[in-house]
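The two complexes that follow have chain A in common; it is paired with chain B in the first and with chain C in the second.
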Partner chain A sequence: MSNLELSRKTIETATRKPWQTFLIALPMLLFSLMMLTGGNGLGEDPRELIALLITYVFVNTIFILMVHTGKIDKYRSILFITYAVCFVLWFIPNLIEARGSMNYTSEDIIQGKIPFCHMVTPMILIPAVLKRMIIFPGSLMEGFASIGGMLIIWLGASLALGRGFCSWGCFYGGLEDGFSRLKKKPVLKKINPKWRYLPYAVLLGVVLTSMATLSPTYCVWLCPFKAVTEFEKVTSVLVLIQTIIFASLFVGLVIVLPLLTKKRTQCSFLCPMGAFQSFTNKIDPFEIRIDREKCSNCKVCINVCPTFSMDEASLAEGKANLSCTKCGKCIDRCPKKAISLGVKGTSPKCGTSGGVRLIFLYPAYMFLVTFGGGMIQDAVNRVLLLLSTGKFIQ
Partner chain B sequence: MKYIGSILRYLWALLAFPIVLATFIGNGYWAEKLIAITGLEISPWDTGGEIVQRIDQGHYLILLHRPVFDGIIWERKNGFVQVDWKATGEVLPAIINDEIDYDCDGTKDFQIRLDTEKNKADLIALSPDVTGLERVYKLGNGRAVRVLLKNKRK
Partner chain C sequence: MKGFLLGLANGTVCLASCVPILTPYLLGQGQTVRRNYLDLGRFLAGRLIGYLFFAVLAWSLGLLVDQKSVYREIIFGGSYCFLAGLLIYYSFRKETGLCAMEIVKGGLPGFMKKSTLLLPFALGLFSGLNLCPPLLMALAGAASEGNLAASLFFFGAFFLGTSVFFLPIPFMGLLNRKEALQTIGKMAAGLIGVYYFGMGILILVGGVNRL
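Our next item is the complex of A and B:
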């Protein structure tokens, strides 16, 4: 083993000294404070201050542990799952306060009052390019979750993280990630890997049907996450059928199958946004690399990958498939430390994987903290409200 | 050359962090620029299309939208025209009866009798292009309807 390899192995396996960890995490401590306060300084409401403090300590403890131990997914998943749960605890009460229920009406649609969600992105792009028309009943700039603001977030995520968005930004992903971790061993072990092409078919289908109908067909017919956000009030048989479909998909793909397979089945078998985001893995600078010399072909990475992004072919090629969400689970679990984060097009000997890991962790974690931090704060604030006044909704 | 390529790729990787910061810190600014540069607009199938006529009826205003037949490549065979009623005072009259010339050709195309208390409307088509009526929408203290149309040009 050469000196270079030895030093890389040392960086990958040993935990850092506390002062090293502190210095590395210091910029995150400062930036996360700036992002969580919105740059507006501290508020005066004591409950909001406590919620901010809890969120700040929580997110930075996770980051410090990530930097100190070198484990990515082990700690990322804690924040990612918390983020998804807090998203639900934040979104639904806000909706009920604004509208009185989780239902939206035809009036909300024609007034453009539907919050934009990143899942719609692949469906709106072709009409936007051809006709400058956004086929979604939201607001371009004003209000909550405006289309312009969300498109910029999607662009930023795509440039910096590619499909890493699905493990570091998507506020739905943590739900099935959470359910997929509840059982120790999978009940359903043999899943035909061809199923992982299904989201691409769904993507093609919803893009074409959205163009034909000028409405986001995935949102109208399939999106399982309407179960935890908002859905049209059942006023007709058609809407009833749509409601049964999305509720069934939520129970099946977000709860039951992740429990049985320990995989993110909605992301792997249905999500058109995930399929679309896979293509952005071509433009972001990071990739998951497999050192074929170190690899013992134990296939742990294939078994643990939540999105079927590792297979025999990817092991032979020395990198993860296009659908990789850069969750870091394979890196954490590889017994030979043969898997690492790398910068595309550079030699594995150029720089250390510990250094590249930090270059990736900073933007990825910042994205997660900024996108999710506000939601976590609001959810904590609501829990504190519940504890102090007995009310969850104001 | 390979060395320069590697440096450029590392620079691109280092840029990921400022990109994420700029995404969130300058979100409003970038979003405004994106909308201004691309000229994006919400689909008229959702908004009802641009308002082309305002008719003052004393107690209320009629806002007539342009007919919507927009398609991705060609216009569609069927569409609609949206008519809004807005109260100039606090509430709309209980019963509204209006005749509308949606294509501004000087001939009335349909007549609507709107019951603002029951949120129901009756349509009398005065032109063969008028095919029906969607439900009544309650928009604050105003109301809107979408009258279904056949595209004359198809």
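Our next item is the complex of A and C:
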């Protein structure tokens, strides 16, 4: 059996008994209800109630299936992709309702009306320390997506998940994750491993140039996700060039290359936030471990890893690379069950039974529901609005 | 003293302007701390020459650099483009290193030997030839000095004040995983080079349009 055939083969995982699943899922059933209602009880608008019900049933069905079957990546990806799509369906209409279009103007920048995005985090830290200056045109503490609020959420997610944030929290990641799963076989297989260093170079470049120019250079020049959020109105050749760059990067790295390689290429080859987040894997207590005794060196994990975080060196070392996003795909696909999620500093056998993975699942799911639940709910609400009134924007 | 204090007060801003050029270069070299200090010395020497050029310019123009002059944009736009060209050249240059045995055997072409020594100097020179806010303040400060020697001395003291902030940078030679860091440094040099080239072209076009 070839490596690819092995990688496609679904590895059977022992399912839990229904009562066990229920007990494990119960705290999350209550937590998600609290988060989705905002602790305010149920509203009176029937459409909003239906949207709440659909979201609640959806996110918890996913959680129950993850716990019951143990196939975490399979169900995580469904929720993660839905989250990304719903983010777009939530963000753009809200922006159009507030501003009239997806464009922002110089006035919006001067007035600090740009919602803060986690991608800017590595760029603002050094100028904030060296020059006591926030180089992003957003609100520091007040209003929607304030800088302070987003930084606190990011800090919490980093401590709990490390770079797992990229597979459980990032509202962009699901887009390329979705495209990378559309084809059965990769068309492009041979990729020079040196390209894995590119996000670190982009990180270094944007941090240093942001410090020198006191502007978030990645957002201005490179961020591909402006295509699905907001971008500057084209009023000059300069802005036109910037628009062409981000649109090309979106098409190339978020749609085409993930389709051809079955990898998350934007995360692997460009994202400075991902590179920055990799360092938080050092402080996060969870790590992917490879049991060298069980490993048959079939390389399935190397083939299926969406972020190039498994290679020959990591197999020899018995753990994933620093860039691991803890999506769990390697654990689910390993034919020998040689890969597990463990806790740093504990014995190698700790986590092999799947208990640690379950412990990781709680904060990961809590973060996803807290951050994404409202977006999914709003997106469902808008779809219902479209079906009932023919309007998507109010 | 005034120049030195001005340099000390604005050192972080100068550091912010020069670090994007210096850091990728030193990372890309993957050298020891001692060799990094040698390269920093070359970089700073280039930067000092750039500063002294401003001192002469300030004195010879009398009015120092006219802030509204289109020539300012052409000079600095051109300087940005040169700087970018050097960074891009560096990122694509095949690293042969300065292995002692190879030099003894004459294995390296003469140009490569020279460029390894001259590149940090040239990077320092062209980064010194850019008007960052502290340099504008130094120009204004030197304007009050009135003669060439005083102007040179002012810029020299300003250079010393800002250079203090560069001293810790070579310690990146202590970092592990040098091969990976070298690759990252070279890639970053190329990316920053492309960025500066774009900036340089924009400044040049702005200057030419105003001619």
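Remarks
Operating definition for what follows: the second predicted complex is superposed on the first by the 377 of 394 C-alpha atoms of A that agree within 3 Å, B and C clash if a C-alpha of one lies under 4 Å from a C-alpha of the other, contacts with A are read in each partner's own complex, and residues count from 1 in each chain.
Definition applied: contacts are C-beta pairs under 8 Å (C-beta built on N, C-alpha and C of every residue); 3 or more make two chains touch, one makes a residue touch a chain.
Keep in mind it's a predicted model, so treat the numbers as computed, not measured.
Once the two complexes are laid over each other on the shared chain, residue contacts for A:Gly156 go to chain B alone; chain C is not touched.
Contact with neither chain B nor chain C is seen for A:Lys184 once the two complexes are overlaid on the shared chain.
If you count the residues of chain A touched by chain B and by chain C, you find the higher number for B. After overlaying the two complexes on the shared chain, residue contacts for A:Thr346 are found with chain B alone; chain C is out of touch. Of the two partner chains placed by the overlay, only chain C lies in contact with A:Val202; chain B stays clear of it. By the document's definition of touching, both partners, chain B and chain C, reach A:Met211. Of the two partner chains placed around the shared chain by superposition, chain C is the only one that A:Trp221 touches, whereas chain B remains out of contact. When both complexes are overlaid on chain A, the residue A:Ala128 reaches chain B alone and has no touch with chain C. Within chain A, the residues touched by chain B in the first complex and by chain C in the second are 127, 130-131, 211-212. The part of chain C that touches chain A in the complex is made up of residues 12-13, 15-17, 19-20, 23-24, 27, 180, 183-188, 190-192, 195, 202. Across the interface of their complex, chain A is touched by residues 5-6, 9-10, 12-17, 19-25, 27-28, 30-32, 34-35, 38-48, 70-73, 82, 135, 137-139, 144 of chain B.
Touching chain C in their complex are the following residues of chain A: 127, 130-131, 194, 197-198, 200-202, 204-205, 208-209, 211-212, 217, 221, 238. Residues of chain A that touch chain B in their complex: 31, 35, 39, 106-107, 109-112, 126-128, 130-141, 146-149, 151-153, 155-157, 159-161, 211-212, 214-215, 284-286, 343-347, 350-351, 356, 359-360, 362-363, 366-367, 370-371.
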